[in-house]
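Listed below are the structures to be examined.
What follows is a pair of complexes built around chain A, which joins chain B in one and chain C in the other.
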Partner chain A sequence: MRTRLPAVALIAVAALGLTACSSGAGEDSSTTLTILTPASTVPLDPASSQNLATTSLSLLDRRLTTWKVEEGKDAVVVPDLATTTGTQSDGGRTWTYTLKDGLKFSNGDPVTSEDVKYGIERSFSDQLTGGLSYHKTLLEGGSDYRGPFDGKQLSSIETPDDRTIVFRLNKAFGDWPWIASMPAFTPVLESNGAPATYAKAPITTGPYKVESIKDGTALTLTRNTHWSAKTDSVRTASADRVVFEEGQNQTTVVQNLLTGSGKYADAFGAQYLGAADLSAASRDAQGKQRLATSEAGPIQYLALNTKRGELKDVRVRQALNHAVDRRSYLLASGGSAAGIAATTLITPGIAGRQAYDLYPAGTSGDVTKAQQLLRQAGVSGLKLTMLLQNDSASLAQGQAVQQGLQRIGVAVTLKPEDAESFYVDAAADDKPFDLVLASWQPDFPSANANISPLFDSSQIGGGNYNLSQYDVPEVDRAIAAAQAETDQSAAQADWAAIDRRIMQDAPVVPLIYAKQSFLHGSGVGNFFIPSFPAYPDYMTLTVGK
Partner chain B sequence: MSVLRRLLRDPWAVVAAIVVVLFAAAAAAAPLITGLTGHDPFTYDLDALDGTGAPQGAFGGVSAQHWFGVEPLTGRDLFAIVLWGARTSFTVGVLATAVSVSLGTAVGLIAGYAGGWTDRVVSRIVDVMLGFPSLIFMISLTAIVAASFPRPLLIVLVIGFFGWPAVARVVRGQVLSLKQRSFVLAAQAMGAGPFDVMRRQLLPNLAATVVVYATILVPAAIGTEAALSFLGVGVPPPTPSWGRSIGDAISWFSVDPAYVAFPGGALFLVTLAFNLLGDGLRDALDPRLARRRPRSAVAPVVEEAVTR
Partner chain C sequence: MIAARFVLGRLAGVLLVLLVVAAATYAIFYLLPADPARLSCGKPCTPENLQRAQQFLGLDAPWWGQLGQYLLGIVAGRTFGTGGGAIDCPAPCFGYSFQLSSTVTDLILQRLPVTASIAVGAAVLWFVSGVAGGTAAALRRGRLADRAIMTVAVAGVSAPAYLVGILGILLFGFALGWLPTGGYVPLTEDPLQWLLHLLLPWAALAFISAAVYARLTRAELLEQLSLDHIRTARAIGLSEPAVVVRHGLRNALIPVVTVFGLDLGLLLGGAVITEKVFSMQGLGSLLITSISSLDLQVVVGITQFSAFLVTAANLVVDLVYGVLDPRTVRR
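Let's turn to the complex of A and B:
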């Protein structure tokens, strides 16, 4: 998933805050978690959601599988509604799941495999767009299917009985257990599934159900009494109520959490801190204890348009890799608390990542080496345009890249665009720019999700995210082979080799693995930010005491 | 000459004029000055920052090296940024005013002199333009226009375009009264064409009004440029701009309050000085008006006594 502001709005829309709420005169032991989000609404329809398995929707919904995230360990996929993470047959083209016993919706109805199938089918509808769509291209017949609202079913999802669901894929795909953790794999009751009304009153399977929705103000969740911890090995559901306070100003959130009184003791911010807020929090005595920072996170990189002008020459692209000033870039992002220098495509926290550096250039870049490569390529007076987002954080970072490349005589013109136009233009078929300052956090913790969306030639243009227009048949074949590999350790070795192979062509300049920092109140426990996903784990944090 | 003498008798106008001239000179000589200080507004100085990207030292890192401290996250010299920012402000301010004044004078002249339907149509257009939510329109325009179009020129044209109606209205009013005067009628009687009358008889008599208006339009244009840059649609970085610096400084206020003070102070001083100078000029050019303003120690007492 592309990251930065909009992605944050999509994904990280939850903050937990528990306040010991005193109702009436007597002391009440119920706990309320308050989640402070800048978004004006928390989207609740899983079919159009890009939510990570561990953030806001995980409080309401369960999927076939989910993620177990522990401090200091790589995320693993674990069963959620299903009894296993999936049983494969036919060489990884068919995946079978059995639902656990005794699963119920928040209205008391039993959860059946038909409900899971219906939930997935909904995500194909034109009325519900914008959700994660990995399954849409993998399920057989998925490219021609238009959703269940005109009475049609997707035949590649079979439900032989109420508890069994079988997926037939159009190719072998070893990471399918991760795909089954995505929002679309949430069961939805057909009577509740109308696209226009579902998000107003969803019937849920997770530990919470919706109490009230006031867009722009707050979303309040209360316990779903039909949820049972016995069938759920991941969620702790520590708070009795969860309130998402919407439309929060980030600077105000930071001040409130640093003060940490009242409801802000049992609260956290859903948006990671920008450089200025991070600097302010790290100066605060309380701030150090209430700040949780990941060791790494999304990769921020400079995509080089390999189909344009001098950038077609691999030596020029390699020169840019040597020339870029990562030290300036890191400081422009907020210093050592905001990231670490990046040299690989697979991000830390993804199993099987191997560290390497094909273009060793020290902390500030190797100007001599870069100039030498440019001379070899016979290029001088290079002028490039850089597409980037028009917010102060991106502009600071863009200027850091700009001044770094200035040192080898490459003049970069910044082209800042608002988030919406940025994503449209960056992912367009015809790209009238040379560089894009981009950021990517995988949608699931597999190297596959690091690499294939960014470097497979099928992902060029049409709204896809191969921003470098990188098109090498050899790499495409290697990606397809690694995706089909169902043995995890063999697949990981394949991906590590592909990572290196792609960087030999230097279609991007990896800049930093962004660390993401979040603030929480003193009453919030088990609050940590893993390298992946670099967001709080809403399912397992605790409140009160 | 008498105009200059009257202007020199107004201490506020003199101080304002000095401030404007100083800033203008500093803006014009910015590359020379930053060449002498050894810090241009583009070079990073990461050693002036601490580990979080905030300036090291008090008041945003004010030191003998960096007189105004440094910019957070980059370590660029804030003195150089403010100085070069004056270049941006003055260039945009003066050029946009030139656009406004030439458009406004031309339209006002034609409307006032031609009268009739032309005048009615033009006056309605001016009314619409004056009531137009121009800032919102400017923001959307800067978002729509192709990126290949040079951004500073676009800013000049856009700000200039929204400044002309005020000028046009005043010029039209002046022309309406001027064209009844005997020297204009005489010129017409002797067979001068409309273009000739406008150029030789009317324009010279409009000069004073236009100069005063221009002096007041410049700070307005500077303010608008700062507003656009503050909102992120002004001149693109790394070209320094006070508005963008102020915008960036807001999130740093709790850590580095000095960051907002220097570009903010410069913007405040320049707009105030231009406005005072404009007031002073108006008084100097139109002595009757000056009498009515509570400028001398005696005048206000008299006036207050009368109004009571």
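Let's turn to the complex of A and C:
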């Protein structure tokens, strides 16, 4: 070992000289944004993507609509390729869009309504599954359609001319403008659409196109000269090049961004910080300036299995809501930087949310009130099992809940499982446990996406997320009515009422809205984390000033 | 003739091991409570879509049925889907990853240079320094040099790989700024950067593994040097280096080479922790990602490849035995 060290030092010194040279040569006016991601590949096929509208794919692809997020404001849906967010007829069952003038693909071809239709049709094929699929259950005939590769078309998407596209749905759906912002609504040229090859050389419509793909190392994007800022009211496309550095070790990413020299000045981390990295960053003088934290974020909650034992009794579920110790849960999660107490189902940042608290529990629980409810229900010596993920963060959180409930004589047994089996067991048809420690980030910024996946009875079991097995026909009807409402403000009022109505039945205990923190280099501007989606907005951040 | 039969027999053994490993991987995945089809079902997932995904991925068949499909694919190739969107995986098809839109063979070939760069460089480093250290310690048995080398060796054996890696990055990457903090540059693109990016992973792995070799070499060499033929060799007046190297070390290295072959084979199948710490995307990190995303075909492919390397290394070691000690073949 000792003999080898000087050799290492020698080579390293040689390298220092070399890097100094190369950085001098690179001094031109072009800017490069570096995005550091732990993922080993950045998947590029929109048909199988679950990307938020504001992250990776938004640099390459445009959809019919997209999201406009601004610091301190709720996200709103805005036109992207289309001239409006959608014109409804037939009581919300038919939606019509007109494409903007002069839209082009990165190869110069004009974008037509047929390309949008083809892109959506691709997402129905077996080769390209796994993406956000809300449209598949809503489009008429969608359940029997198998994609365009056998020459078949989906007749509920009509293209009367090159710029018009009409969707016929199987029910009225007021949030269709949000659905039209999902990855599958990206136009794809038929000549470019083969499932096996599309992601290797996609022809794009966004401000960037793919320059090179080195899977496991880097994805490099350059400007798409056929993109015009005049047709795009959201993307600012500040950088000339964007490089995704893949497979990055998170600890190294944090250190590099804190040091912040060279390419790391114009860089940010795509993964939110864990508790340890967060405390390291907030103790660092530079780190505080380079840290962006959301005010709120995904809801973490305790699902109560409403079909099982004593939990069938609403008073028992209400008692758990009163008893929960949110302060120690928050401490176990990493303190005030990790979140704020939650009492509603709709998360902050979603338009129409109304704050309320049906089960006042102070900062750390109302034990007396909870015990009173348990007595009324005639329940004592309650024993419950809790399914949770087998990682140190979840275990600490689970123990905080466990200790909180112990104070009212409820004994909770933790049942930790690794991520893969956790999701399968939590979403199974028959659930052999009482409580699940879970978390939910809506797929689009509407209260609908907060509530219907978790509380509609059609979402029980089969891999879906109604973990409480909450099944109340009155609530199902109210959800259906709110989904059909095409007037945004009326729908928002409906959802706020449903939020409260569900919590009267106490099928869950809302715990916290988890904050998410990201680090960026000193050269990155307009970098903020909204409450929803609690991720950086790739479309509007800037580099190089 | 004897040697040919020896090699053929061993090759048959290799094939058998590979078959058993494939069967075991399929069986284990089948028994897991996780359902890979759920991941490709989309969100939200309807029961009909889940069933379609299971059918398409062939997961509705029992594990031996899936294994049969896999084995058939190696001989005859496979096609997933029908019509214009069908995905072809020509023979020998070792599976297709729908999550990564690539054949497993391509994925392995893409990641192998990273892992091979790490493994071969580190192996050379640890073998040379381990054997040299062990020999030096044995020749100065009980003296300061022996104790110093063995102390470093104990530290190396006991140190967790991720800790050594992170400390190396902190010291040489962040504090001194001499070496990159992670990542991989292909040899063909920039040989110097390739070397610079690999120095830390090599040193970290070598520090940990050289220790085992130093201890093993020292023990074996001490035993050899105490045998009668060494005394004879010295008595007939051979020089000390000739005694130690030709008569002592050559015999002492037989068990060391065995361990080396297996270690190298294993490492070529993926240096999981080292790759993760140094942000390198080799076979090890591909395997870990695929396990957590339940990408069965990739998991089977890498496990197979890894098993092949270990068995192949074993075969090579046995052949090298013949050179080091001709009695092993004759027996």
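The rule is simple: the second predicted complex is superposed on the first by the 519 of 545 C-alpha atoms of A that agree within 3 Å, B and C clash if a C-alpha of one lies under 4 Å from a C-alpha of the other, contacts with A are read in each partner's own complex, and residues count from 1 in each chain.
Everything that follows uses one rule, which is that contacts are C-beta pairs under 8 Å (C-beta built on N, C-alpha and C of every residue); 3 or more make two chains touch, one makes a residue touch a chain.
Keep in mind it's a predicted model, so treat the numbers as computed, not measured.
By the touch criterion defined above, A:T112 reaches neither chain B nor chain C. In the superposition on chain A, contact of A:S279 is made with chain B only, not with chain C. When the shared chain is aligned, chain B comes close enough to touch A:D391, but chain C does not.
More chain A residues lie in contact with C than with the other chain of the pair chain B and chain C.
In the superposed pair of complexes, A:G151 makes contact with chain C only, with no contact to chain B.
In the superposition on chain A, A:T251 makes contact with both chain B and chain C. In the superposed model, A:T540 lies in contact with neither chain B nor chain C.
In the superposition on chain A, contact is made by A:Q127 with chain C only, not with chain B. According to the touch criterion, the shared surface of chain A, contacted by chain B in one complex and chain C in the other, consists of residues 251, 255, 421. For chain A in complex with chain C, the touching residues are 1, 4, 8-9, 11-13, 15-16, 18, 40-41, 43, 45, 48, 50, 125-127, 129-134, 136-137, 143, 147-151, 194-196, 198-200, 215-217, 245-249, 251-252, 255-256, 259, 419-421, 423-425, 427, 443, 453, 459, 462-464. Of all residues in chain B, those touching chain A in their complex are 42-44, 46, 49-54, 72-75, 143, 147, 232-233, 236-238, 247-248, 251-252, 254-255. Chain A makes touch with chain B in their complex at residues 251, 255, 274-280, 282-283, 325, 327-328, 331-338, 385, 390-392, 395-396, 398-400, 402-403, 406, 413-416, 418, 421.
Those residues of chain C lying in contact with chain A across their complex are 32-35, 38-50, 52-53, 56, 80-88, 98-102, 110-111, 114, 125, 129, 152, 166, 169-170, 172-174, 176-179, 181-184, 192, 195-196, 199, 203, 207, 210, 276-282, 285-286, 289, 292, 294.
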